[in-house]
Amino acid sequence: MKWVVLVGSVRKGSYNAALARALPGLAPEGVEVALLPSVASLPIYDGDIEAAGMPQAVTDMGGAVAAADGLVIVTPEYNYSVPGGLKNALDWLSRIKERQPLKGKPTLIMSASPGALGGARAQYHLRQILVALDAPVMNMPEVMVSQANKKIEDGVITDAGTSAFIGKQLAAFQGFVEKHL
Amino acid sequence: MKWVVLVGSVRKGSYNAALARALPGLAPEGVEVALLPSVASLPIYDGDIEAAGMPQAVTDMGGAVAAADGLVIVTPEYNYSVPGGLKNALDWLSRIKERQPLKGKPTLIMSASPGALGGARAQYHLRQILVALDAPVMNMPEVMVSQANKKIEDGVITDAGTSAFIGKQLAAFQGFVEKHL
Amino acid sequence: MKWVVLVGSVRKGSYNAALARALPGLAPEGVEVALLPSVASLPIYDGDIEAAGMPQAVTDMGGAVAAADGLVIVTPEYNYSVPGGLKNALDWLSRIKERQPLKGKPTLIMSASPGALGGARAQYHLRQILVALDAPVMNMPEVMVSQANKKIEDGVITDAGTSAFIGKQLAAFQGFVEKHL
Amino acid sequence: MKWVVLVGSVRKGSYNAALARALPGLAPEGVEVALLPSVASLPIYDGDIEAAGMPQAVTDMGGAVAAADGLVIVTPEYNYSVPGGLKNALDWLSRIKERQPLKGKPTLIMSASPGALGGARAQYHLRQILVALDAPVMNMPEVMVSQANKKIEDGVITDAGTSAFIGKQLAAFQGFVEKHL
């Protein structure tokens, strides 16, 4: 089983990028986990660019999602919602008409933030977006890492409880993906 | 009184850009309406770029919003939410700490789409985002132009009812802005 | 296969009740469809009532949901969200700890309203509520019957397109339920 | 200045009822704060009941809201949204057509829950509902009392930081109400 990971943040020291890098080590045995390119590798969506020819970076990202058995989105919350860059990537992916990569793709959401809510508000907006894309999203357990600055240091998860809980979520996701294969 | 307009779509033939261009002619007398630069003029938000120095395009857009009495956001709905490019612009603007341009800025939302809902789902996500930015957003009347392809042709509003209703909303917004001056 | 239907409206002439009554005739062959009691048969949720003993009407409704293979919620939108009475029923059902009736229960949403949006705003709030209850909700196709007063007359669906589209949704739901059995 | 308070929970030991009872002591000098009747004093909304004559309890609650300068809603989160009972009360109030009590009424939201999010998800659904009712809702500061069981004991706020923060929010609300008078 193969999963790909889309990260909602771009900066090098991102807590969410740190989570994403930890996933291969926390995923169940037999699951291969690969990171997708940065959401900053895509231009701001523009229908005129699309009409002139889908950018190669979009086609490549879409192909990687389509080839995977599951998609994991790891994202911060910006201004009570999904980061613009992440939404922009999903907007581009939604324009791939042939073999739509999100359609029916089992999807998992996790978030981290230094605040108290751990990115919760971004997660529910993201769930609504994924209805549009017709992706089944796992309900439970939900992972919202609050006070991420105390649990992730120098790009590594230092809080054992956080690692354990993510491991539990990934194990549940394995079952979710199997049900949708 | 001066308003600035932020458009959520980038393509040249955009229905929402057409709406935006019509606003100066539909606004109450004595209101000056100016369009902000395209949301595609900003890079995907990246904390490392910000740390290296706020991009000039962000500072300029923020300054224009700060100098205005009101902000009008005219946007399509992409995948049941706000276009990534528009959200990205708001994410950048939210990072201006001194004289935060959105804080307390009276804001109006309108949307257009070829579909039946006229962009409604984008509007409610946008409202939640604007809570984070502490911008007061006018409640009523709401403008959601459905079946925009039949009401906007060759970049011009051809449906008289649509123009009249937008005029009514703009008149109400004038009062809303006055209350918040 | 057996489905139960929860209706969000109480009044006798309800458009949504009319939809609900039509479901047995529109469902795929071999599917039995039964209506649950009115949401008005439950008191306003009160933790003190619960502590004194779960009301029989709650236990009965929960048992009926638990015994079914799928749940269909047919609801109007009140004030841009789910009717209070429907939410109250779900709040009560969520308190059944043993054999939680909603957990893992395949669920379908449809809505009708005389307005232009057909209840869309209620549907997305309802989806978020059903995440809490850990019910898998089908994504597509979505049924939002707008201008219901022109499509449902004297308690009967008179618009053939509406009936056909609901039939299509129910056929898809049959497959969705099978996947989750 | 007079404010009325609507509580989203019914049980006697409710954390949110405890918050509500503390408001008169935390409000700025010169503000009178009165509690509205319980949301359990209203029947489940039914258009047939309304057609037969608006229940007296609805008319009374509506009159009290209409007579106040501001409305404060203090509520728990049930199943990631607004409690059904609270939504039901708002649904009834929305049906008062003459001198609509919520229209233009300055409104404040606060929430408490034993969980980590403090009722955040209920607040954003409530904000969307209040757009429908055309009530201006204060943006900032937001009060979400998490781990309420540690901050409210025997029906009294025992955490000084919580009291101080609510006092700050109420002072801001006084200014918000004045702007809308």
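Just so it is clear, A, B, C and D label the chains in written order, and each chain counts residues from 1 on its own.
As a convention for this text, a contact is a pair of C-beta atoms (placed from the backbone, for glycine too) under 8 Å apart; a residue touches a chain by one contact, two chains touch by 3 or more.
Quantities reported herein were computed from a predicted structural model and do not represent experimental measurements.
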**Chain at maximum distance from chain C, centres defined as averaged CA atoms** = B
**Prompt:** Out of B-C and C-D, which chain pair has the most contact pairs?
**Reply:** C-D
**Asked** From the C-alpha centre of chain A to that of chain C, how far is it in Å?
**Response** 31
**Request:** List the centre-to-centre spacing of chain B and chain C in whole Å, with centres computed as mean CA coordinates.
**Result:** 36
**Interchain centroid distance [CA atoms averaged], chain C/chain D, Å** = 28
**Message:** At least two partner chains per residue is the criterion; list those residues in chain D.
**Reply:** 80, 121, 124, 128, 131
**Request:** Chain touch graph shape: choose line, ring, star, complete or other and state it.
**Result:** complete
**Message:** If we count contacts the way the header does, which residues on chain C are in touch with chain D in the complex?
**Reply:** 9-14, 39-40, 42-48, 51, 78-91, 94, 121, 125, 128-129, 131-133
**Request:** Would you mind writing out the residues of chain A in touch with chain C in their complex?
**Result:** 124, 127-128, 131, 134-136, 139-140, 142, 179-180
**Item:** Parts of chain B lying in touch with chain C, wherever the complex brings them together
**Value:** 80, 116-118, 120-121, 124, 146
